[in-house]
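You will see chain A twice below: alongside chain B first, and alongside chain C after that.
Right, the complex of A and B next:
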């Protein structure tokens, strides 16, 4: 399959789930999709198209909380990034661990850093933050405020 | 000078501890030990266990996870022990000073005897730092005698 075939196939097969396709460069395409259809789309890309899961990234923008799932289709060297925009009032999305195990740790990291809940994740414990870190404080959010009163932020000169 | 301290200064065994550095300082420390600089000819030897060490070489900005481990290690060093802070991160946390994960600099956690600045410091700077540390301890001992 060529690049155009795959893009056409995706947009026909999932025309209700895809909101927008942004063709950035010959090697890269961003596909914005609805949050509730993430498992359906990812299973198709991962199992049927044979793409490799690179990583997921979470971004806190001013309006939304975004998650980008990066997949690479190695035969045609195309990087497909599935973009999901979550409203800040409802930070929930289905977990991808049922599709591939590699999503486990990155979902745990996004959960602790940005406070997004992954429904159906088997083990949503902390990954990087220490035990003294308070519950409900997420360091990579825009509105993060320092909670530690004992922290020293000057260079001592 | 006590025999313990005299032996320590004659041949300080160093233990290398990275508290979350970017590995650049660690590479330079390894550079010191390899044949080009070869600090073993001055009697400085890399100790495999903290319980054999005299000098603690610390690199990296201490983050919340490693502060606990650092304290535990410092409790295990046989005293007297000297601490060298290597690199900008260990001195003042460098660019990580406002990081959520690096609340306190190294010298507020354990007493530091010598600061070696640089990002990363050159092996020459590290050797000079250790030599200055030895001289400092010797001078302190002489002053005590008077």
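Right, the complex of A and C next:
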């Protein structure tokens, strides 16, 4: 399948799930989708189109919390980024671990860095932040404030 | 049988990413593994948001000492992707030369360590000896043995002088005979076969499921390489082969890396001999608002950077994904079911810059210490020695 075939196929097959398609360059496409359709779309892209999951990026854009799921379809050298916008009042989305194991760690990372919940994730423990890090403080959020680390310093950690 | 917990890590002076592994073993067999990370989390993604686009290049160069080219390479490509520009031809060639030099020294470093873990200290000494030649080459080309500081958005910071090229070619040619010897030592040695063949197998299905990258996945029959699939730099102008093996065991991972080193030498020589004339920098002044993605093939697999700009001189979001992030979780598929004396080499086989074996400690369930890391390496080396004596080699 060529690049155009795949994009047409996606927009027909998932016309109710796709909100917007931004065709940036011959190698990059950004597709904005509804958060509830993520597992359906990702399963199709991963299993049927044979794409490889690069990684997911969580971005705090002040208005929304965005997650970009980057996939590369290597046969046609196309990087597809699925964008979901989550309202700040309801920070949760379905986990992709049921589709592929590669999503396991990055969902843990986004969970601790941005405070987004992944429904159905088997093990949402911390990955990078230390045990002393307080609950509910997410370092990659826009409103992140340096917290009082005196207690840790006093312990000599 | 009683289960025993084996904690490994997290600190070791050689280890660039401290990690803490918890192996659960039943007798000799590993039945479960868990990885705890974050001991060296420096918040570089956040730090990068506080620097300008030019400064960030140097911050992210310091993510990793060994991959100090891969991260700036992916980052500058992400920034160039925001503007949608291509760098000048000469800059592409110079970038390729530096990136391949890094691949050679990284693979040699791994080969030496793998040899050491298996009790082949001669391999360790030879591999690290010829690695010095490559570091000298990097010093001639960039002025530094590590952290080359060659990259900037829009091109490279330093040109390659034509009078340096003969010296560089001579040094690169000088390592080829030793490399041939190492290749034979690994591929033909029956004891190494016994220690590494059929050990720690990562199946093709698992490699795809875990999103494994680089030599780790290519040893499992996944014929994917960013340099071929999504050519950047000068890789589409050079003839080279992608090395793929089928078995996914430790042996195949070693073979892929050794053969890749030869390909890298081929690429560097071609680029040096065919270096085009011209500019080396686009002199980018402003970065427009937008998003960019840069991904390149680092020695351990694909390095992936996402940069978002809002039109100011700083990135508003900079996501970094190193290849080991995807390769580490494959331990769940490779280590479980193997013996504890093989766990060392299986973990080393994905090349996670894993050198923390000296911090290993085996405990029984009451917490009584039985072995330390040094003894575990000795355990691994003793096994090789035993096989060697039995086979009469």
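Details
One rule holds in what follows: the second predicted complex is superposed on the first by the 149 of 157 C-alpha atoms of A that agree within 3 Å, B and C clash if a C-alpha of one lies under 4 Å from a C-alpha of the other, contacts with A are read in each partner's own complex, and residues count from 1 in each chain.
Note that in this section a contact is a pair of C-beta atoms (placed from the backbone, for glycine too) under 8 Å apart; a residue touches a chain by one contact, two chains touch by 3 or more.
Keep in mind the model is a prediction, meaning the values are calculated, not measured.
Looking at the shared chain after the overlay, A:132 reaches chain B, while chain C stays out of its contact range. After overlaying the two complexes on the shared chain, residue contacts for A:30 are found with chain C alone; chain B is out of touch. Of the two partner chains placed around the shared chain by superposition, chain B is the only one that A:150 touches, whereas chain C remains out of contact. Of the two partner chains, neither chain B nor chain C is touched by A:19. By the touch criterion defined above, A:59 reaches chain C but does not reach chain B. Comparing chain C and chain B on the residues of chain A they touch gives the larger count to C.
Residues 128-130, 139 of chain A lie at the contact with chain B in one complex and at the contact with chain C in the other.
Within the complex formed with chain B, the chain A residues making contact are 128-130, 132-133, 139, 144, 146, 148, 150-153, 155-156. Per the touch definition, chain C reaches chain A in the complex via residues 37-38, 41, 43, 45-46, 81, 84, 208-211, 224, 229-230, 290-291, 293, 295, 302, 304, 306, 308, 317, 319, 321, 325-326, 328-329, 332.
Considering their complex, residues 64-65, 68, 92, 97-98, 100-101, 103-105, 108 of chain B touch chain A. The touching residues of chain A, counted against chain C in their complex, run 24-25, 27-28, 30, 52-55, 57, 59, 68, 70, 72, 74-75, 77, 79, 81, 100-102, 104-106, 126-130, 139-140.
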